[in-house]
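You will see subunit A twice below: alongside subunit B first, and alongside subunit C after that.
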Partner chain A sequence: MTAAKEMPTHFLSSFARLEHQLGQGGDAWFHRVRKEAIGRFAELGFPTTRLEEWKFTNVDPIARMPFHSAEFRADGLPTERLAELPLAHAAFEQRCSRIVFVNGHYNPQLSSRDLPDNLIASSLASAIERNTPSVKQHLARHASVQHQAFVALNTAFLQDGAFIEIPSGVTLDAPIYLLFVSTADEPIASHPRSLIIAGDNSQATIVEDYLSVGTGVYLTNAVTEIVAGENSVVEHYKLQDENEEAFHVATVQVHQARSSIFTHHSISFGGALVRNDVNVALDGEGAQCTLNGLYVTTHKQHVDNHTVIDHIKPHGTSRELYKGILDDRSSAVFNGSIIVRKDAQKTDARQSNKNLLLSENATIDSKPQLEINADDVKCSHGTSIGHLDEDSVYYLRSRGIGAKEARSVLTYGFANDVLNRMKLDAVRVRLECALLARMSGGHTQLEGL
Partner chain B sequence: MLEIKNLHASVENNEILRGIDLTINAGEVHAIMGPNGSGKSTLAHVLAGREGYQITQGEAIYEGKDLLAMLPEERAREGVFLAFQYPVEIAGVSNMYFLRAALNAIRKHRGLDELDAMDFLKMVREKMKLLDMDETLMNRPVNEGFSGGEKKRNEIFQMAVLEPKLAILDETDSGLDIDALRTVSEGINRLRGPERAIVLVTHYQRLLNYVVPDFVHVLSEGRIVKSGGKELALELEEKGYAWLEESAEPMKSGVNP
Partner chain C sequence: MSTEIDTLEQLVNRDYQWGFVTDIEADSVAPGLNEDVIRLISAKKDEPEFMLEWRLKAYRHWVSLEKAQAEPKWANVHYPPIDYQSIVYYSAPKTKENPKSLDEVDPELLRTYEKLGIPLQERAILSGVAVDAVFDSVSVATTFREKLGDLGIIFCSFSEAVREHPELVQKYLGSVVPYTDNFFASLNAAVFTDGSFVYVPKGVRCPMELSTYFRINARNTGQFERTLIIADDDSHVSYLEGCTAPMRDENQLHAAVVELIAHDNATIKYSTVQNWYPGDKEGKGGIYNFVTKRGKCLGNNSKISWTQVETGSAITWKYPSCILQGDNSIGEFYSVALTNNYQQADTGTKMIHLGKNTRSTIISKGISAGHGQNTYRGMVKITKNAAGARNYSQCDSLLLGDKCGAHTFPYLEVKNSTAQVEHEATTSKIGEDQIFYFRQRGLSSEDAISMIVNGFCKQVFRELPMEFAVEAQKLLGVSLEGSVG
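Here is the complex of A and B:
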């Protein structure tokens, strides 16, 4: 691991080209946001392992790779190739509103034609172009470019992503499905940026799904800002299942108002290097936050999950469960930080991280961090790291189940705890299939598990 | 059905079974009794195929085959079943899935079609009634959050579903109240039949009031020191194990003068 700061020169020159290409046109405020972000990124550079937040994740391979920006191509992804993807089954597809991005660019051909008219859902690029007031109000106001280099990079290269605004009092019956596909046919960097605004008393389910159709190296550097209004209910899924050369860095920044309920499911099946930052600010009394995570790694994959739950106001509740299944020489990091501010009395926070090592060569660095500044709070955390229980394997075998299948079933059972918390059956079933396919010698007898 | 000859087994060079001879025929119920540490559970697990035992001498021939050479799952598929003294909890895997996977593995081995979900459920419901089990247990993870009694009942229920030829019940009666003991015993009695052999490994005579054995064997220090009919169990109840251990002593010195 190197400690030297890698100068992000090719990103800086790409930015200059982007600036030139976009000209000085467009909105002045947006131009300022971008300029400020690239300035900050030039100062920060790519993080090194000397930084506490990046101690176990070396991004040198990203810094060294001469990625270039993806250009929009209408023929970027034929529908046939989309059909190769392990998407949720057809019934789900028909019911939900789908917005598809190919290499970071909105693709109208692959997206649902009719989006429900009780919400605003579009590409972020067109929302910026339309000068949407709420975009101006919220975009880049929550995810900070000051300390997070990848957020700064994303903001500098911000071109497109999803913009979802659910008006106050509206309950969406069907989920909104945001599909980010990378074609992986050249080493491109895409910086999808999404803004999700849930109005007061609204309710919505949003799925972000990151997939690749090819096998080459590329970088996805995504940022999603979620603004949960008072008493709103937001269920957010972030699914990631990319090829084993892919680099994936993503930040989910959430702002919760009074009595809002936010649930996040983060599933990482890993690329070459995956880093997820989930930062939630419970900035209103009685806000409730649930973070569920599952990471499954093999070969030389690396997945790093950093979460920050910031209890700012009283009576907040947070529940966090992250589980990892690590095979072969793969590695993972869990860093879960819970902050309870001075005013956040009666906070009730629980965190748990459990890891199953399927190989002697897999490594996990698990670090809970509690920073409590209020005196009347309940906070707990726990970490476990272990192997499959041999007594359980024997028990299953003594009933006629083969050794390999017994191990698969137990591994699956370990993950099931997280998957069972998902309300969307279609997504859960798809993940169950992906999980079983991941496990070597995965059997197919799925029903009723 | 099962013929055990001069079976010696050790754990980490510590000999636990020191020459067991036992013949079990189809249709018979054998009780193996003995004090703590006599090797009862070791015998049960050696027969079921748990890893970690070294067989140093002897053999166990099950239906003409070398039982000890088979993998645990192969033994189960051939019809050997062990009801665990301490059934294992399995998080995230429902009882339903577990049992169906087990049954279908066994059926496949026997050349039968796998049961589909509907047929399986129908069969399972009938068997649950026999053991007075709550149907909701089927959707719960295997043994997780079950009471001691529920776990033991679940073992006998699994046996009822898997229909083994040779069932070994390791202290199924321990830790049960009298109602649960009656239900479990009734379940065992219903599974008695001319095709099936049952081995009851127990510490207490109480179970044998409800499941009356054809033969009783007393295990002490890794050997069967006495065999007899059901009346032997009553004698043990009355006198305890001490008199047998004393009478076993001369045999030992006789072997090694």
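Here is the complex of A and C:
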């Protein structure tokens, strides 16, 4: 820890500059949250591989890099660069509410003008400014700064992101699409923060999409807090296809009330070093949670997926499936833990992690965990690591399919299991195309939807 | 449901049978640990110079670890800090120096082993098991030595091996578990007092089961034994280990090291039935069982198989592991761990695949009752050169009661794409419908539970040698349920 503790100095000094820039104006409560977070981050420092939670992921490259703060260039994306970002997937665009963030800041030009009346959706910055009571009630209450250094960092630099509140009883027909674009011209650190509140008996689908324009190093350190009210149904997609030099650290913190149904799809295609934390607290009887994940890596990419499903109350159900395809010298980590608290009787939890290694040099570290403190439960986990089945390849080849195509088809089939669980056709089709393009060799970027 | 719980509680509350104390005069050193104590132990054992040097190196390493507070804390067990200066590091029953035959062994000692069901008279042994009996810090008797000697098999106490076969000891000691391995292994290397030594020469298949029976008797002592088993090319040996201790209110430390070395085509089967005193119903007393066990499949086509039944000890911290170095070598781990009352167990294995086409199997069954906490912690590591490696792991937990816990922490690290690694784990309790099925057919709840638990453990029990399987079932019966088998 000692070595890393010296590291975050440039973040501390840019925090001081940000403080100066913001002045003493604004809400005192909000200011205090940020102050506490930077204090905690200074104590924690960047995590080292000596911490169990970071055993296989070395964040030294992030700690060493002198990132600029994104707040100094809030002007966003020059219009001529827009061409690089083909946002338009016509069918999807018409039917969804789109909110776009450039380097972590809300961009009104790119966002849809008309949002449905029955939805409160805005930038978090303006929600804080308006003193929205639900922001005060939930923001930074779920994602803990105590032990998660990157959450503390994000909270300290908390300025903007998406704020979505679905009122009780409202069912949204069209998905909400949140696009986070980073311009990779210079090493910028952006800390987008989103708060999604689904009221009781509401239904919504939210897509978070992380993309980059240009190539170069930068850091995205995102935190999303999701509060799912009683009987609510929330489907959440997190798609990540940034450039292969980007660092991406993201935490999704979910709080589920009684009988709520939460589904999360996590897709990681891009980035040099990617870390996803998904923490779900089933804090109400009969809550259901489904986590699906797919990570496809090549070259020297490193993707680390950490999930924690915490069964706090009885009769909870959770299903988790994470699949990984690793090529070249890439490496991946899966750490999935299922916790069943003393009172969470009748819990039914299943977890599965499957990995396909396509190259001699790829590395996978898989660590499923069960911590069970109640007796009347059904819990299981399974992990497998393997390579393409030669018999299956032979079967396809004997029917006149080329060796390369046969491998592509099998790999695609392996991954498609996860994609097939997605309800949004537009997203699924897009991902299928991206996956096929990758299988056939070329790496096409996952374009905006 | 309530009848099931009642039955369980009745059964669970049976007493520990082996809790008596043998009244025998002991030759002990004062509590505390320093270089003089180590020199004294070494002198008492009449050891050659290299052993003393090795012990001192280990001791200095341990002191540096203790200063750095490097006592392992990662395990999922909780206990107050151990005062290493209050432990007696050497205690031996006062008897004649090196008894030549059983007739010279103190009859009180023989009676102790008789009482434990381990007859040391060769004619009294029905099943052809050679026994090395270790009492506190020393080995008191080893049976069937001559018969084994005819085949060239060396089976003796560790102290004797150091004196009579120093070349073998020097060559292999610490080659699998070096004294720098971990905190408790360092401590053991510094102060270990006795244990068993087995050498099976080329091409010999050991005709009988070899076994060591460990007994802690003296108060405040720690038992630190060291076992070294070497199977030369094309040989085969099966080794059993059993242990008990008296009931005492204070905790006693048991920090053993076991090293196995299998050369080309050799097979070592190592079975343990661990039944140290687990503490009373409030969790007072009991043995801290902090053990390092590791086998190295050095040669091609070698095989090491660990089977353990862990029912005793207040805390178990034990990971019998296999280093699969030779091509086509095989590692196996079969375990049943039972925690009851306030027992805690953090146990599992490490399978380190280095050679090509190496295979490993892990079957772990955890049973938690009362306030017991049972953790499986295992690692499967496939290194870059281990082409064609294969692993299958299965970890099942059974929860009996609502205050106990079962935890699973597997680590799978794969650096070779030709590897096939599978891990499965489940946790469940005995279903009401299962009990109902038995009851409906006229069986009592008690019988139903015992049959279900036995069925749950069967995959492991059938790996045990015959004599042990019976004992293990009985043990599980006493520790948990009652009329088994």
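Just so it is clear, the second predicted complex is superposed on the first by the 417 of 449 C-alpha atoms of A that agree within 3 Å, B and C clash if a C-alpha of one lies under 4 Å from a C-alpha of the other, contacts with A are read in each partner's own complex, and residues count from 1 in each chain.
Throughout what follows, a contact is a pair of C-beta atoms (placed from the backbone, for glycine too) under 8 Å apart; a residue touches a chain by one contact, two chains touch by 3 or more.
From a predicted model like this one, the values you see are computed outputs, not experimental measurements.
Enquirer: Once the two structures are overlaid on subunit A, check if subunit B and subunit C clash or fit side by side.
Expert: Pair status: fit.
Enquirer: From the overlay on chain A, compute the angle at subunit A's CA centre subtended by subunit B and subunit C, rounding to the nearest 10 degrees.
Expert: 70
Enquirer: Determine, under the contact definition given at the top, whether A:E52 touches first (subunit B), second (subunit C), both, or neither.
Expert: Only subunit C; A:E52 stays clear of subunit B.
Enquirer: Check the residue A:D376 against both partner chains and state whether it touches subunit B (first), subunit C (second), both, or neither.
Expert: second
Enquirer: Taking the superposition on A as described, I'd like to know which of subunit B and subunit C A:D391 touches: first, second, both or neither.
Expert: first
Enquirer: Is A:A362 contacted by the first partner subunit B, the second partner subunit C, both or neither?
Expert: The second partner, subunit C, only.
Enquirer: Going by the contact rule set out at the top, does A:Q21 touch subunit B (first), subunit C (second), both, or neither?
Expert: In the superposed model, A:Q21 contacts neither subunit B nor subunit C.
Enquirer: In the overlaid three-chain picture, find the nearest pair of C-alpha atoms across subunit B and subunit C and give that distance in Å.
Expert: The answer is 16 Å, the least C-alpha separation in the overlay.
Enquirer: Considering only the contact definition stated at the top, list the common interface residues of subunit A for subunit B and subunit C.
Expert: none
Enquirer: Of all residues in subunit A, which touch subunit C in the complex?
Expert: 52, 342, 345, 355, 357-387
Enquirer: Quick check: in the complex, which residue numbers of subunit B touch subunit A?
Expert: 48-51, 71-73, 75-77, 81-82, 84, 87-88, 90-94, 96-106, 109, 117, 141, 158, 162
Enquirer: Which part of subunit C faces subunit A closely enough to touch in the complex?
Expert: Spelled out, the residues of subunit C in touch with subunit A are 74, 382, 384, 397, 399-429.
Enquirer: So in the complex, the part of subunit A that touches subunit B is made up of which residues?
Expert: Residues in contact with subunit B: 389-392, 394-403, 405-406, 409-410, 412-417, 420, 445, 447-449.
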